[in-house]
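Structures incoming, each one as structure tokens.
Note that chain A is present in both complexes that follow, paired respectively with chain B and with chain C.
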Partner chain A sequence: MTIIWKDFITEIKTRELFSSMFIFALLVVIIFIFSINLSLIQASEVGPGVLWVAFLFAGTIGLNRSFMLEKENGCLQGLLLAPMDRTALYFGKLVSNFVFLLIMEVFTLPLFMVFFNIDLLPHLLPLLYVIFVGTLGFCAVGTLLSSLSANLKTRDIMLPILLYPLIIPIIIGSVKMTGQVLAGEPLSSMMNWVSLTLCFDIIYIAISIMVIDFVLEE
Partner chain B sequence: MNEQIKPDSSHSIIQVQELRKDFGCLQALSGVSFNLNKGEFLTIFGPNGAGKTTLIKILTGLMRPASGSAKIDGFDALEGNAMLRSRIGVISHATCLYPDLTALENLLFYAKLYGLDDPEERANESISTAGLQLRRYDPIRTFSRGMQQRVAIARATLHDPSVLFLDEPFTGLDLQATSDLKDRLRGLHTGKRTILMTTHDISCGLEMCDRVAIQSRGKFSLFESVDCIDQSNFKNLYTKSLEQ
Partner chain C sequence: MSDEKQDSSSILTWLTVITFLIAMVAIFVYVPTEQTEGAVQRIMYFHIPAAWLAFFAFFVVFLSSILFLWKKEREWDIYALASAEIGVIFCSLVLITGPIWARPIWGAWWVWDARLTSTLILWLIYVSYLMLRHQTDMGSMRARFAAVLGIVGFLDIPFIHFSVLWWRTFHPPPKMISPEGLGTGMDPSMVSTLLLSLGAFTLLYFVLMGQRIKVEMMRDEVERLKKDHLYSN
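Moving on to the complex of A and B:
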């Protein structure tokens, strides 16, 4: 909780993380809007892919920034010297990243709705569930890999290279579920995708707990 | 191994035996052994790349050695358990402070991380001890290097550690800040606290320590009580030790 409190206080003061993620997500949506001819293609067909690409790229910026803050002035060393389990450090950063990303996604949804002319309101609850599950998996593996890449000189390049292949199952599941939700299908009709995404969330969190001690060691 | 490196270990708060650490083909530590008694102040001198920071990182549980053993206050330092970490404090040239948080918020954050009772009171006390009560609500990024180092000392001593590790704490400080830091370190050393410091500043290092070591090429080439060495001739001794 202390790490989450510190991350929120820092973000409230700087607004660096939210603003950079939100502007990036907005730009991605705008670029796609101008490159897709929506009179030929149904918005609900391409929309889910665009939405998750925006979340993914903006989220990567957030993950990179998250551990960069800890590397400044050797703060990560200060955290590692505190008498707490390193799993607690992982969960603190995971929750912070997850909440920041969710806030950015919630702000992006109305703009997506306007640009793609899709009425999200009738599907809002199942859509938020899909976003919640997809974002959790993305942050679970992303937090682990950002802690790993924080020690590398090429961290800006390494994080996406390591992260994107691992989150393919989660992103495919999330895009498929989002598409079906926007088509008006209930969540119960896509249990295979829900189960797949949830399974990967659990697997990635479990693996992170097992390896975080080694990842954070110098 | 010389006699001084293996004194009476029954009173030792730090016991280090044959620590070795390699980074690829580079040997950072090649069999460091020493004991330090409770309340003693050890200063380690050595050139860049001698393995001083590596030694501190291993003793504080931030890094694993290739072989050897180290105990601090009865705890195995190589396991890096939470009980040990609650007994040690580390100050280095990196302040471990968040630049966008105020001095008080930084100390409050660390007080909460260390699970201290009444963290607000402890953070306020520490910032007063550091002489920065008027700047407590200012962000760390607006502080001078010397003031940041004072907050860093307050951070490292919030939980009243019995052993303090100082890794080149004088780096980047001006004369006044160096003098302030020396006064603060003397205050911290008074009484029970054991201190292990690495530095390049010979006069500062010799002034405060009870024991002195010279580390070169990953091992101690000298480990003596400061009373047993000729301080006026220490620079020559240092140069000779490096040549050995």
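Moving on to the complex of A and C:
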């Protein structure tokens, strides 16, 4: 709990992570708009993909910072010495990464709606569900790998290299579901994707809890 | 290294060489040419065993990783490393032989079919696994991190499988194990050639595994000797 609060307070005081993540996501969306010809391609066909690429790239920045901040001033050492479970450390980081990313995504959505000229409002609830599940899966794997890559010399490069192949299932699932939701289909018509992404989330949170002790061992 | 171990590994090596020679003869002389696909179909006798071997090797990485985290013995780490390297080599072979076959048959080097995609993702995961090992210094940290990734990566396989399957698929369905029974989709001579080739590749895996483990153990020994004799006085 304290870790979550600490992360939030630091963030509110500096606002550096949120603003950089948000601007970055925005830039990704804009660059995509320049690189695809929207007069030829239906916006609703490429939109979901662009949205998730933006979330993914911006999320990677957040994840990279997450354990690096602790590493910089030797705070991680202190946290590890504290009389508590390592699992709590993972959970704290997972929740704070997850919430930051969600806030960033909620801010990106209206701009996405304007730029791509897609009306999101009628599909808002299922869309939020998809974003919730997809982001959770991304953060579950991402937090584990960021705790690992923070110890490497080349951490900035290694995190995406390790993370992206692993989260391809969740990316495919989220993009497919977002596309179908925007086409007006109910979530019940894509149960296979819903259950796949949910299973992914659960299994990866569970496995992270099991192996985090080995990663944070000093 | 005792003499007995040396003997058994050289027997294994010779057995592999002989099996491979027989498999080569079977592939290029004995087995009939496929009617519709022609001579290029013979590459399947390399493609399928290499694919099987890559999956098997990654499974060994997974098992060794679990055993390493459990028992904390260096040898499990060595097994995982050796198996991951061999797996990546064979996975690369699969990715090379596949397009050679696909070019004349499908008319394209690469299509985003489920199995091609999942093999590519698998290859990426294990390449990143090997990169992680390179980036981390020797010692228990590297072994622990690699083991974590070995477990997490292998557990991803079912998810990758289903997600790309529902995404799209064109790959020829398995002919060997079909609902009508084992090997009914193929000529008996093709089945036996494929099995022979599978056997040869599997033997090759164990030979390579043995060699790689030996090299890694020698490296450990060198490190130890260096520490003892070079830095102590």
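Please note the rule applied: the second predicted complex is superposed on the first by the 218 of 218 C-alpha atoms of A that agree within 3 Å, B and C clash if a C-alpha of one lies under 4 Å from a C-alpha of the other, contacts with A are read in each partner's own complex, and residues count from 1 in each chain.
Here, a residue touches a chain if its C-beta (ideal position, glycine included) is under 8 Å from a C-beta of that chain, and two chains touch if they have at least 3 such contacts.
Being a predicted model, the structure only gives us computed values, none of them experimental.
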### Contacts of A:Ile23 with chain B and chain C, given as first, second, both or neither
neither
### Task
Figure out whether A:Leu144 sits in contact with chain B (first) or chain C (second), or with both, or with neither.
second
### Task
Using the superposition on chain A described above, determine whether A:Ile161 touches chain B (first), chain C (second), both, or neither.
second
### Query
Which partner reaches more residues of chain A, chain B or chain C?
C
### Task
Would you sort A:Glu217 into first (chain B), second (chain C), both or neither based on which partner it touches?
both
### Task
Name the contact category of A:Pro169: first (chain B only), second (chain C only), both, or neither.
second
### Task
May I ask you to decide whether A:Ile203 touches chain B, chain C, both, or neither, giving the answer as first, second, both or neither?
second
### Query
Which chain A residues contact chain B in one complex and chain C in the other?
217
## Note on the structure
chain B residues touching chain A in their complex are 57, 60-64, 82-83, 85-86, 88, 90, 92, 94-101, 105, 109-110, 112-115, 139, 155
### Footprint of chain A on chain C - complex, ascending
69, 121, 124-125, 128, 131-132, 135-136, 141, 144-145, 147-149, 151-153, 155-156, 159-160, 162-164, 166-167
### Touching residues on chain A, where the partner in the complex is chain B
2-3, 5-6, 9-10, 13-14, 69, 72-75, 77-85, 217-218
### Query
Inside the complex, what are the residues of chain A that reach chain C?
141, 144-145, 148, 151-154, 158, 161-162, 164-166, 168-170, 172-173, 176, 192-193, 196, 199-200, 203-204, 207, 211, 214-215, 217
